[in-house]
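Right after this note come the structures.
Next come two complexes, and both contain chain A; in the first it sits with chain B, in the second with chain C.
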Partner chain A sequence: MGGRWRSALMTAAGFVLLVLLWELAKLVLPDAGVSVGDTRVLPRTDDAAMPHVWTVLAQLGRPEVAVPGARLVGVAVAAAALFTLGLALGGLVLGAVLGMVLALVMLRFELVERAALPYVVLSQTVPLIAIAPLVAGWGGKIAILGWSWQPWASVMVISSYLAFFPVAVGMLRGLSSPIRADVELFRAMAAGWWTTLLRLRLPASVPHLLPALRLATAAAVVGAIVAEISTGTRGGIGRLIIEYAQSATGDPSRMYAAILGAAVLGLVAAGAVGLLDVGLRRYRGSVR
Partner chain B sequence: MTGTADGAGDETADGAADATAAVRLVGLDKAFGSVRALTGIDLTVAGGEFVSLIGPSGCGKSTLLRVVADLEQPTAGTVEVSGKTARRARLDQDYGIAFQQAGLLEWRTVAENVELPLQVHGVGKAERRQRAGELLELVGLADFAGSRPGQLSGGMQQRVAIARALAPSPQLLLMDEPFGALDEMTRERMQAELLRIAGETGAAVLFVTHSIPEAAVLSDRVVVMSARPGRITDVIDGCRPRGTRAPLGHGVDGAELAGDALSDRVDDVRESTAFFAAITAVREALRKGHG
Partner chain C sequence: MSRRPMLSRRPLRVFAVAAALAVSVAACTTTPEGGGSDTSGGGGAAAGGNQKVTLQLQWFVQGQFAGYLAAVDQGFYTDQGLDVEIKEGGVDIVPQTVLAQGQADYAIAWVPKALASREQGAGITDVAQVFQRSGTYQVSFADSGIASPADLRGKKVGNWGFGNEFELFAGMTGAGITPATDVTLVQQQFDMQALLSGEIDAAQAMSYNEYAQVLEATNPDTGQLYQPSDFTVIDWNDVGTAMLQDAIWANTERLSDPAYQETTVKFIAASLKGWAYCRDNLESCRDIVVKAGSTLGASHQLWQINEVNKLIWPAPSGAGLIDQAAWDRTVQVARTAVNADGQTVLTQDPDPEAFSNEYVQQALDLLKADGVDVVGSSYQPTEVTLNPGGA
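Up next, the complex of A and B:
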């Protein structure tokens, strides 16, 4: 457990360091940035381009609009981040399940592996920006059992589209990780395919699956945010970043507050997946 | 008694106790593509008999073991294990198997590893626990039931693997260089352990090894093989010390010899002239097969 505390401490220290670097850049570099000839090589550091960290934090406590009873920026950011977190986690679960099923099918039928794996890789080279409107467009034409497609469902699907890839690849690798002697031992014990899967391949896949899930979490969060922006879905942090960026050109601290919200959202999602690590601890040390 | 006709004249006493041979191979051929891994193998292992397979790399001794285990299909010939087809015997868990690598599952405790074959076959939890306890007692690791395999030394891991192989109470143990990765001292101790366990369980053992002394000290018979094509060139009597299952009147006061006593007997064998004679015979047979 000492290692866990230390890693938490290091994370906090890293954050402090980042804040210090930000403020140091503002302090040392000229407001107009650094230019070589006509080319600016370092950005402007005035308050309009790089607001102080405390200005950003203070922004969270201000009302969104100058009307009595208006929502605080912090509340708006938190609500939006929570909304996006839900979509990202939903996308992660959907993507992870899809990825695992795909890995199992590829394991079971070698032909499928050879046929599908190139497309699995190919799927990730298609730009997200390109498929987002497609998904939203198709989704708009579907109604499942009387439930009409909602914009947030498109976001979840797109998020899962990014999340399934590392899970499928990591899981397949993990499922195929037992050495021949282990597989033969199970055969010698007259264990069938499913028993071998349950007692050997699944436990052996955990050390490969956990890092894959961590990658998938990051991908799901990014996917959800980008999907919100490119499908124009309201209510999430992606949309909020755009709104704040457009409405407050003179005061970028509000946009940074929203970006901060997105970063915290990513940390929370990563932390949630980190809990899996703890639950599956007994299976971790088995990479050979 | 026809089952033990193959050079096992001195095994008739054991054979009589169990009319079905543990392993019976007749005219066995195995080819991998154009490579003839095994040709014309005739071999019978009687119930309770300890038979070693020895030969140069590529002589097909591991392949032979794997054919018996139904991990490879023979190209031609008959394979009978406990009077059944190899496949049937595998499905019935009539044999236990151990490889050079202990191959314990890291996420399971020592006891859970031993229980694995029983779990695979749907034996209830309480019964499994009890059987694993007995087996760990047998291999002298009762205190390590709750440990992880990673916490055990190589020799201890191999003993767990043997306990696991014994879990379904097989009458045949197939072992592919199980002590190959162990240091010499551990290896000698494990050899004595194996003889004790084989004696106590009455299981026949088919044992693949590279080591001439190991084959000589453990075996009732040493089967010498030669490569290209893989075949049996000689069968030589080994020096297996008996005693653990001595008939009444033969052991100490008719009782079973304790493990320590057997261990002393094994040490005696290692210094006996019969042992050196067996080693010489095996070595000459190997050289003859090579030339």
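Up next, the complex of A and C:
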């Protein structure tokens, strides 16, 4: 467990370093930033562009709107981050299942692999902003077994669209990673396709799958946030960032508070997937 | 490394997979157009016997859409037998496309942008011109000496692009400036920092939003908020290149359906009643918008509704009625003004079906019979005091 503590400590140290760097930049660099000719190479550092860290934190304790009964910015950010976390994890599960099934099908039928793999790669070159309105358009048009499509479901689908890719590719790589001798041993012992899959290929895929899942988590979080921004889905952190950015002219600290929430959300999601690491530890060393 | 020594020779399994896919696709059914409801012209009957109607906005709920939110909150739609669901916009949501594709019954959109979509095949009709004036400004610091479009020559001019910039380009062209060569064009962000930090000399701003943002920022020289006297504003209504903005758009094809026609009249009537409510009850209307979930500051929101009211009221011929002259000017600018990419909004005049006063006239008659003031001849805007950051 020592290593785990150390990595947690290093994460915290990294965060502190980032805060110090931010404040140092504000202290040292000129307010107007640094420009070479007409091109700015370093950003403006005045309070209107880079608020102090404590201004951002203080923002969390202020009411969102100056009317009685309004919730605090901190509460709003936390609620939004939690909402997006749910959608991102939903998208991750959806994407992971899809990616694994796709990998299995591609493993089983070489024809499918040859036909589908280029499209799997191609799918990631289609810009998200092109897909988002399309998927958002499902709202009110599609009903699945009597359940009508909700805006958050669009966000989840878009998030899974980004998440399935690393899983599909990583899983396929993992499933086909056992060396020839192992595969031939299984064949010599008259093991069928399913037995080989369960006893050999799946365990062997774990070391490839875990990093793929980490990538997929990051992609799912980014996908969920971008999809929220793109479709304007209420409740999530992406929407909140845009909302707060609208009033960033005088004081951008509130927007940074929301961005901070998004960063914490990413860390939590990565941590949650890190737990999988622990659960699947016994397979980690099978191919090394 | 060898991969998969055991190749499948069993097409049966392929068939099984295909069959499974087919079943799962069949489980997803599509509902007919009209915002998730069955369509007897604008939607079917909801639980309470009201007709379900969806309205697609251009952006998040804010004061710009106060009238529709008030009509929901005050039950004006319900009074007309409508159960209205308001769909918020987003960065990539194009309301007129959503409408044309049948995912909403009505949409709010700027006239030039909607006409551009129409030219590309979107079957939509302007049925009520809610904002009769343009809310777009070009804002500069007073000491920059920019008081008219001609003064923009040689300056750094911010603009939003994406079809929001044509009034500015028409204004500059009208003043004898060639936008592509005589000014430095800068793509503007959502916020107004570029103007305040001096990166651009003149910034595009909506009277009801970005202009308020600069007045909510602190002037570092005085320690107080910036004052209107610190700025000069070019108002395109005065220059004569103003284009029509927020209008209620309906689906052209469905307008041939008598039931949808009737719904349209009711929808416009209740919406205009909502706007009349916001004219007469500014603060209550602000509270409705905040309650609807807008996180913009309270004073900013009040400013926004007050400014939007100015774009609607007074409406001498009746709110929502499309003024032929303003329409023609919009079309003319849309056909002639060339933006930074060398494009005009429209390449040909829109056909007569692009707008119709038929339904808004019926709606106005309904409201007048009801005793609602749809002209607002005595309307006076209030003075809104903005707080720092719009709080």
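By our rule, the second predicted complex is superposed on the first by the 281 of 288 C-alpha atoms of A that agree within 3 Å, B and C clash if a C-alpha of one lies under 4 Å from a C-alpha of the other, contacts with A are read in each partner's own complex, and residues count from 1 in each chain.
The rule is short, and it goes like this: a contact is a pair of C-beta atoms (placed from the backbone, for glycine too) under 8 Å apart; a residue touches a chain by one contact, two chains touch by 3 or more.
Just so it is clear, the model here is predicted, and its values are computed rather than measured.
*Asks:* Clash or fit: chain B against chain C, after overlaying the two structures on chain A?
*Replies:* fit
*Asks:* If we overlay the two complexes on their shared chain A, which of chain B and chain C does A:Glu184 touch? Say first, second, both or neither.
*Replies:* both
*Asks:* Just checking: does A:Ser35 make contact with chain B only, chain C only, both, or neither of them? Give me first, second, both or neither.
*Replies:* A:Ser35: touches no partner chain.
*Asks:* Of the partners chain B and chain C, which touch A:Arg282 in the superposed model: first, second, both, neither?
*Replies:* first
*Asks:* So in the superposed three-chain picture, is A:Ala49 touching just chain B, just chain C, both, or none of them (first/second/both/neither)?
*Replies:* second
*Asks:* Name the contact category of A:Gln246: first (chain B only), second (chain C only), both, or neither.
*Replies:* Touch status of A:Gln246: second partner only.
*Asks:* So, does A:Pro203 touch the first partner chain B, the second partner chain C, both, or neither?
*Replies:* Only chain B is touched by A:Pro203; chain C is not.
*Asks:* Which holds for A:Phe109: it touches chain B only (first), chain C only (second), both, or neither?
*Replies:* After superposition on chain A, A:Phe109 lies in contact with chain C alone.
*Asks:* Centred on chain A, what angle do chain B and chain C make, from Cα centres, as a multiple of 10°?
*Replies:* 150
*Asks:* In this superposition, which partner touches a larger number of chain A residues, chain B or chain C?
*Replies:* C
*Asks:* Nearest approach of chain B to chain C by C-alpha atoms in the superposition, in Å, rounded to an integer.
*Replies:* Superposition on chain A places chain B and chain C at a least C-alpha distance of 10 Å.
*Asks:* Determine where on chain A the residues touched by chain B overlap those touched by chain C, and list them.
*Replies:* Chain A residues touching both partners: 179, 184, 187.
*Asks:* Write out the stretch or stretches of chain B touching chain A in their complex.
*Replies:* 69-71, 90-93, 95, 97, 99, 101, 103, 105-107, 116-117, 119-121, 150
*Asks:* Taking the complex as given, what residues does chain C use to touch chain A?
*Replies:* It is residues 1-8, 13-14, 17, 27-31, 33, 35-37, 54, 59-60, 87-94, 97-98, 101-104, 190-193, 196-197, 209-210, 213-214, 216-218, 287, 290, 293-301, 387-391 of chain C that touch chain A.
*Asks:* So in the complex, the part of chain A that touches chain B is made up of which residues?
*Replies:* Those in contact with chain B are residues 179, 181-182, 184-191, 195, 199-200, 203, 206, 282-283, 285-286.
*Asks:* Considering the complex alone, what residue numbers of chain A touch chain C?
*Replies:* It is residues 32, 44, 46, 48-49, 64-67, 70, 76, 105, 107-110, 129, 132-133, 136-137, 139-145, 148-149, 176-177, 179-180, 183-184, 187, 193, 196, 229-234, 239-240, 242-252, 254 of chain A that touch chain C.
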